[in-house]
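Note that chain A is present in both complexes that follow, paired respectively with chain B and with chain C.
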Partner chain A sequence: MIQQLFGFLSYYIPELICIVLMTTLLVLEALVKEEHGNRGKIIGYALALLSITLIFLFKNLGEAPVYIFHNAITIDPFSTLVKIIMVLGTMGAIFLSYSSKDIYTNLKSEFAIMAVGVLIGGMLLASANNMLTLYLGIETLSILSYVLASFKRDESTSTEAGMKYALYGGLSAGVALYGISHLYGVLGSIQFVDMITKLPGLEGTNLAIVMVSFIFFFVGLGYKISVFPFHMWTPDVYQGSPIPVTAFFAIVPKMAGLAALVRVSFIFFDGGSLLAVSWTGLMLLISAMTMTVGNVTAIGQNSVKRLLAFSSIGHVGLMILGIVTLNKAGVQAILFYGIVYMFMTLIAFYITSHLSDMYGTDSYDVFKGLIYKHPGMALIMAAVLFSLAGMPPFSGFVAKFNIFSVIIEKKLYGIALVAAINSVIALYYYMKLAKTMIFDQADGDVKVTGFTPVNQAVIVALFIPVLFLGIFWEKVMTISGNASLFIK
Partner chain B sequence: MNGILNWILWLPILGALGVIVTPKAKENVIRMVTLFTTSITLILSVLLYLKFDTSTADMQFVVKFPWIEQFHINYFLGIDGITMLMTFLNALLFFICTLSSWTVEKNVKAYFALLLMLQSTVFGVFFSLDFFLFYVYWEVMLLPMFFLIGIWGGENREYAAIKFFLYTFFGSIFMLVGIIALYYASGKGVDSFNILALQGGKFVNETVMIFGHTFSFEHLFFWFMFLGFAIKVPVFPFHTWLPHAHVQAPTAVSVILAGVLLKMGTYGFLRIAFPIFPQAAVDYSSIIAWLGLISVIYGAFCAMAQDDMKKLIAYSSVSHMGFVMLGLSAMTTQGMNGAVLQMFNHGTSTAMMFLLIGILYERSHHRWIVKPDGSKGYGGLSTKLPKYTTVFIIGMFASLGLPGLSGFISEALIFLGIYQKFTTITVIAVVGLLIGAAYLLWMFKRMFFGEVNPETEEYDDMNAREVFYMIPLCICVVVFGIFPSPLLNVMKASVGQLVDLLAKF
Partner chain C sequence: MMSLGSYLIISLILFVIGLVVMLSRKNIVAILLGIELILNAAALNFVAYSRYVTNNLDGHIFSLFIIVVAAAEAAVGLAIVIRFFQIKETIHIDEATQLRN
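Our next item is the complex of A and B:
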């Protein structure tokens, strides 16, 4: 019995390390003597433990799926790969918080605590194999996110962001729970495996209830990944939150929510049943609306944070298309997209953060003439913007190509055209920022500070995958493909 | 010899790296590195021409490596007769543009690095025989162009750069959908991204469903490809980006844009849209012909109305590329040969015109034939600038199709080809030639004859560098006007193969 338990735990090491990290961080923070003392060592400790987590995750990547804690959690390559993306995103955000002026010095280790907490929730969500774990994951993820959003506690925008996030999040979690309870009522179980056995026999009222319940359930996840029409909170929260928090929000909760959505879609909606057809139809509609609304709204923005918020809405819209096909190629495309999106988003936020620390604002103006002030960073930022728009030879193109490829394989030409037109719109607003950086002359002769050699090295290191995966993407595609094999 | 295409493709990138590592202050070293690279590329492309086997329509100098095996994407290069001409044109024009850019003062290092990168991507488009690789080069080409227009362009450069970029991207994203659809329609097999293997009308019987309606795969996706290429050519009504891009771009970039980039569009029809969708191409040939005709007439009338001479030449490009579309739509041996020949000849003659405008602009800093306030921009140039006038006359007459110069032969061939098929269109298109002669001669009269404008009195005639880089173009225009067989022989087999294929449908 005990041996069996420990055997299970060996797969759960990454999460355990994170839990240990979170609790020890709490203690370490309490030991810091001066309130405004340097938290460098604490941050270093957090990054070191997260790196160890990564090693264990990479080890798990090749293993066959296991179900632990009475089938509440599944550790399969899919969840592991999503966790790798999330851990990398968390590390990126924590590293950024160290140099960012947006996070006050005395709060830097608290940021790490909260971020690791959200990460644990995200890991739970990615691995959830029953409705209860899934809901727990959403809540763990959410509650700490509300605190993160209001981290700049003396600024009204940040407080507003936290409040807005909490209100919307609380409401959506409630709706989701309502849906889950009805699912339990009709299907008689919270275990995914037991629930699906009841699905084919449903008819009449029960089928209708299940359909509506799934939509309610989708509301909860939809808020987390901010799809239309649940995206309203995103720009305000992204703008109000400190930049490292925004970078974190753009990656970790999104990837966790997407992972849960992918898993639920694949487990419950297989084949050509009425439920599956209506679910994929819903996803198609949501995806088209999300892309269009996100991209069209992004055009008029003058704050880089808001721009990235709306563009992230557009990207999620595109990623959801990988679910529509309900095949492994779709999951493969989503995972590849997730990896690339994580790197691109981190770089964009890093550069924005250093510039806005210097100027105290994140409007497009701070990017004016960056090419003359700091050519290297301006070129990297321009490349990342073109990559986000899906231009070759950058990896954003390959990600987009894969999504297009899976939907065209299913002959969904209509949505392919919507996505095509959306990528033209997206190119336009990314190009506006690129234009500001490269064609406009800088106001005055201000030297750009903030790009310390270490920060620059990290940005370059993050940029290498963006470039490399645009040309030699086969290996990562294979890894994503293997990770999508055990989805069910 | 097999690796020669690799050399031509990657040498400019090596040169660009060389420019990047050169210290910023050593501007002359940067210029010399660029000149050295482009001249080696030119020599290599002449070598390529000498080694080229004109008797076969097969791809030559083929290079093929697997790139992404999972999707059967290859690094697959090769050239046939059509691309041989384009390769030579590209190498020649970049060599000349390097010389003409000698006077660029702003940020020399970045300028020449981008110019070399642009050359490599253009070679990439012409060499690629793998659809994915082709698309990558087609798109990447936009990046150096965007920066070259946006940084070194005229007053309204940002607008022009963004418009150029967005327009082309809009067309090419539809092409991407078409490429992926072709990949799945051909069964995801080993050759599903192989442009050559997709050719030959393999999709005639395929159908697709969109929103419950059944369409013929071939006829639908022909338009996807058409959009991508027609914007690049540009065919009316997709031409509106061109005047802006041309007017704002620096001289060398205008030359490249008109000289080779527009040819990528018609090349796309020759290599991709027509051979892969022959049935649709034949069915829609009258639409293509009418669009070509509208481009010819409309472009010519627009050119006539311009007071800015660069805009005038830009619209004349729309008109001349319309002739290429007419030749393509004929689908006969003469028409196709004429179209490919016109691609080459327009490349040389229009390059001459843009270079000449650039030379004059460096002296006067304006391009007005008639200034906005109604006064003459120039006048009586012929008495002050004899050398310049001579070269201008050669370029202008080549452009308007005077017998004995290059433009005449290609236009005559196009008319010969199309007359058998669309008689009405031929008759109307001839009017386009007439208008072409009118606006060019009218411009010439206003600038070179009449009273000497006091502003233009002190202009220097062309210097040795300018004369030197105009000579190769003058030779091309004159020699190929009298003796076009070196060009026709090279493309004969490849064009013949395409005409034979289209004749089956």
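Our next item is the complex of A and C:
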């Protein structure tokens, strides 16, 4: 028994490292004196341990899937790849928090603690194999996110963002939990493997209860990835939070929620039953609405943070299309999209953060004539905007193309048309920002300063995948293809 | 003799009250109370199903976890509300209108 438990723990090393990291950070934070140099060391320590986590995750990537801790958790290549994306996103956000003025100097190491905590919740959610771990994952993710959103605690906008997040989050988690309770009652267990055995034999009232409960359950996950009816909080929270937190929210909770949604869809709705058909129908509808609402609302924005919030809603809408087909190629497309999306979002937020630190606002005006002030930065930002819009030769194009090819293969032409129209709308508002950067005249001739070589190097390093995955995508495609193989 | 049905009806009533409180009250503390009602409705469901239908301990364990998580959520929620009160000197939800289109 004990031996078996230790055997399980060997699969759980990445999470264990993160837990150790979080606790040691708490202790260090209390012990170390409040000087800026010490904060830097703490952040360096966090980044180092996260890199070790990454190494162990890469090692796990090739292993066969296992169920550990009495079927509570699955470690398979799919969850491992999602965790790699999340760890990279966390490292990016923590690095950004160190140089950003949006995070108070004495809170920089606390940001790392909270971010690692959210990461642990996300890892739990990505590999959840029963309703309890799934719920705990959502809540670990959410509760720490509320704190992160209100991190600029002297400003009313940030506090308001945290409060809105907490209220919407509490409501949706409660509704999801109510759905889960009825699922447990009808299906007789909280283990996914036991629940699916009861699904085919359902009739009459029980089937109706299960259908409604699944919709309730979807509220909780849909809120985390901010799909259409539950997206209202996203722009407000993204705008009110400090920029490193916004960058973090755009990546880690979204990827974790998507992973859980993929797993639940594949486990419960495999096959052509009435339940499965209604679920994929719901996904189609939600995806179309999410894309349209996200992209159309993004047009009129004047704050870049809000723009990126709406654009992330649009991207999630597109990613959900990979679930609709319920096949391996769909998951592969989602994973590839996730990897590319992570790099693009990080760069966009790095540059926005730097400009907003300089000018004290994140409106479009700070991007005016950026090409004259800092040509390199403007070119990279323009390339990332092209990539976000899905233009070749950047990686965003390949990611979008995969999703399109998956849905067209399933002969879902209607939704493909909606997605195509949305791509055009998205192109319009991304190009509006690119035009502001390149063709508009700058308000003054103040050069962009304080952009250290380290920051430049990091942005270039993040930019390399965005550029090269658009041309040499096969390797990463194979990795995400292998990761989608083992999903049940 | 209480049956499963009565528990389910009570939990449904709790759930609906929670929703109505959340949607209609303007006081943020009252809205947090609404969340607690919804969570308790779910916890009651779990225990009732566990006792009458499934005859395993999953439901009991789940409801214990719900209590723990609800406490954590309330702690964080109240801390943020206190911060909001210190800045705005009100806990009226209509005052939270700074972030908008």
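Assume the second predicted complex is superposed on the first by the 482 of 488 C-alpha atoms of A that agree within 3 Å, B and C clash if a C-alpha of one lies under 4 Å from a C-alpha of the other, contacts with A are read in each partner's own complex, and residues count from 1 in each chain.
Here, a residue touches a chain if its C-beta (ideal position, glycine included) is under 8 Å from a C-beta of that chain, and two chains touch if they have at least 3 such contacts.
The model shown is predicted, which means the values in this text are computed figures rather than measured ones.
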Is A:L107 in contact with chain B, with chain C, with both, or with neither (first, second, both, neither)?
neither
Broader residue contact with chain A after superposition on the shared chain, chain B or chain C
C
Have a look at where A:I286 lands relative to chain B and chain C in the superposition and call it first, second, both or neither.
neither
Give one of first, second, both or neither to describe whether A:A250 is in contact with chain B, with chain C, with both, or with none.
neither
Using the touch definition from the top, say if A:V219 reaches chain B (first), chain C (second), both or neither.
neither
Touching A:M86 in the superposition: chain B (first), chain C (second), both, neither?
neither
Would you sort A:S423 into first (chain B), second (chain C), both or neither based on which partner it touches?
first
Okay, in this complex, where on chain A does chain B touch?
386, 391-393, 397, 401, 404-405, 408-409, 411, 413-414, 416-417, 420-421, 423-424, 427-428, 431-432, 435, 438-439, 473-474, 477-478, 481
In the complex, chain B residues that touch chain A
68-71, 135-136, 139-140, 142-143, 146-147, 150-151, 157-158, 161-162, 165-166, 169-170, 173-174, 176-177, 180-181, 183-184, 208-211
Interface residues, chain C side, partner chain A - complex
11, 15, 18, 22, 28, 31-32, 34-35, 38-39, 41-43, 45-46, 48-49, 53-54, 56, 58-59, 61-62, 65-66, 69, 72-73, 76-77, 80-81, 83-84, 87-88, 96, 98-101
Under the touch definition given earlier, write down the residues of chain A that touch chain C in their complex.
131-132, 135-136, 139, 142-143, 146-147, 150, 153-157, 159-164, 166-167, 170-171, 173-175, 177-178, 180-182, 184-185, 188-191, 235-237, 239-240, 297, 300-301, 306
